[in-house]
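Each of the two complexes below includes chain A, the first together with chain B, the second together with chain C.
Let's look at the complex of A and B:
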């Protein structure tokens, strides 16, 4: 393709090809400190392309393609090309990843032990991961936890953090502006702004961690916490996994081992300050 | 062999060569590997390639990708066999012989062609006079209609060689119930009764076409029905079947089904791509151009060639007036084009 960029995020290599220069330039700048794919061969290909040749120039609209595609994916305006690239990479993982069991979750690590934050979209996973990474935790990722069925370890996947709407200002209050990507307004999910993970997170991204606690955060409620039974965790994590069915028995074994050995709690929180305190309390209590 | 020996841009031939002579991948650089994997994925042959390259020294990063592809194909095999078993159980009370077709048949019979093969829908062949009973039994066992469109539904029932596709409400897997191997609108009418009569039981209660009929079916599907989409995989099936069973009796069988020309072409093209390939005709060259129309990013290339074969495929499938009416109806619904059809 006309323009291209390759990057490795944790154990997974990507190549992104584009009909336009702009999204590639943004990726080069935001992923500047990341390594290239192992042996120069990416695991997945993403393509950003114009539906028709003239749509490169006239009302340019970015179609998302790649090794794995959803048939009905709608194009994005060129101004949201960076988002298209990130969506394309997530899509390859969700549909094509077979080495690791994927859990839709943010992961942070301390002393070699991983804290998994999972929950529905809007629960505050990315926001909490960003704030915890400013308070002594190592960021391992805000989108997917990569559970290795062979070892039971979680591998880091520290792609750009994706902050949405009100959480952008919450995190901006604590982070220098040069860690932020462009503000993308009017996307299908509202306003989005990407954050570059800190240097320590990128430097340590090849170090997996042993899962030690699973939390289900919910934003917008009075502070509360409860234990979650292994059976409930199992069901919720099968729903939070994009490839649980595709991996088959290995996935079942990995997930049952996880829920049997790792404690889980649900925490409701009214604001982020309270959430951080509740996470720390749950961690001490695990 | 960075992409291609002649130093040109990579296309489907890169995949064909790697399947034919696995050792030649050792000459690939990172760019060549990247292109090969993208092309293999686009042709839904990454699992086949991974099996074929098992034991060949490859870079560690590539080895991990191929290992995942092998694991994925193995899981696909388990799921395909389970789906066949579910259909067998649903249809057992009818006493109908369930003949598996294509990928599921290859893995059920443990054939070379099934090794690493990607398998989508479950395709089965049953006698035409049992179609109503089969459909009712499948619906009773949890399968549901996919196509809500009345034109499509009526079209399938009147003119196609299969029922409208059904999907299972719990397992989310499709089943195509065939009563013959070409649409009723095609000029060629294979002998469905003989296909069924000579089927072989490959597992308790599960049947597959005889090896010669498998080759005839692959050729019919490729040249008398489709627009050559999936041609690389289809011809790999043919190559493996011939490798394993030879060609004894094939010519006579093809003649019996009125598919001599198609089978001869399948043999020539499979040999050109994956074998010792010689004796190809001028027209074979055009077919190969279409079948290998893929670039190192996994994109479909050569749009003019593709479009030509797309139009041609419909010309084979139905007479001109009917084709005009069909394409007009599909176009108004916004569906027609090389990707759908």
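Let's look at the complex of A and C:
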């Protein structure tokens, strides 16, 4: 393709090709401190391309292609090309990753121990991960926890944090502007702004961590906490995994071992200050 | 009660095709033959354990369950319904 960019995020190498320069320039800037894929060979390829040749110029619309595609995916306007690239990278992971059991979760680490924050979209995973990374935690990722069936360790996947709508201002109040990507308005998920993980998260991204606590945060409720039984965690994590079925018995072994050995709690929180306090309290009680 | 299964012998699926992990009151079962994960609770694990590889008829199973487990006042029709569900999933065979 005319323009391309390669990057390694944790153990996974990507190559993004594009018909347009702009999304590649944004990726180069935001991922400037990241390494290149091992041996220069990416695991996955993403293509951002025009549906018709003239659509490179006339109302340019970005189609997302790659090794794995969603056939019904609608194109995005060129102004959201960065989002298209990130969606394409997530899609390759969700559909193509076989080495690790993928859990839709944010992960932060402290003292070599990983805290897994999982839950439905809008539960506040990315927001919490961003805020915790400003309070002494190492960010390991805001989208996927990579559980290694061989070792039971979580591997980091610290791609750009994806903040949506109200959480953008919440995090912007604490973070310098140069850590933010462009504000993308009118996306299918509302306003989105990406945040570059801090230097420590990038520098340590090859260091896995032992899972120590699983939290299910829910935003918008009175502060409350309860233990979650292993069988409920098992069901919720199979639902939160994009490749549980695909990797078969290794996934079963990894997940049953995780839920039998790692405590889990559900926390409801009315605001982010309460959420951070509840996370810290749950961590102390684990 | 009427024993619809007659003399049919019910067996747990071959042990090498199952992986059973007890989580709490639920057990997760990975069925290698289908690649499907089942999450089951009492009396399903008890039925599987009681049938074993040797297998039992329906009436013999009910007798053994009553003897070996405190399944309370679970009625026989309900126990046999659970047995039929296990047959439907492939975790129990009649072959």
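Worth pointing out:
The definition used in the following text is that the second predicted complex is superposed on the first by the 286 of 286 C-alpha atoms of A that agree within 3 Å, B and C clash if a C-alpha of one lies under 4 Å from a C-alpha of the other, contacts with A are read in each partner's own complex, and residues count from 1 in each chain.
Quick note on the criterion: contacts are C-beta pairs under 8 Å (C-beta built on N, C-alpha and C of every residue); 3 or more make two chains touch, one makes a residue touch a chain.
Values in this document were obtained by computation on a predicted structure and should not be read as measured data.
Contacts of A:21 after superposition on the shared chain: neither chain B nor chain C is touched.
After overlaying the two complexes on the shared chain, residue contacts for A:248 are found with chain B and with chain C alike. By the touch criterion defined above, A:99 lies against chain B but remains apart from chain C after alignment on the C-alpha atoms of chain A. Of the two partners chain B and chain C, it is B that touches the larger number of chain A residues.
When both complexes are overlaid on chain A, the residue A:67 reaches chain B alone and has no touch with chain C.
By the touch criterion defined above, A:189 reaches neither chain B nor chain C. Once the two complexes are overlaid on the shared chain, A:230 sits against chain C while remaining clear of chain B.
Legend: residue contacts after superposition of the two complexes on their common chain; A:37 is shown touching chain B, with no touch to chain C. In the overlay built on the shared chain, the residue A:135 is in contact with neither chain B nor chain C.
In the superposition on chain A, contact of A:260 is made with chain C only, not with chain B. Within chain A, the residues touching chain B in one complex and chain C in the other are 248. Those residues of chain A that touch chain C in the shared complex are 229-231, 234-235, 238, 244-245, 248-249, 252-253, 256, 259-260.
Touching chain A in their complex are the following residues of chain B: 29-31, 33-34, 37-38, 41-42, 59-62, 64-65, 67-69, 71-72, 75, 78-79, 297-299. Taken together, the chain C residues at the contact with chain A in this complex read 19, 21, 23-26, 28, 30, 32, 35, 37, 39. Within the complex formed with chain B, the chain A residues making contact are 1, 13, 15, 17, 37-43, 45, 47, 65-68, 98-99, 246-248, 250.
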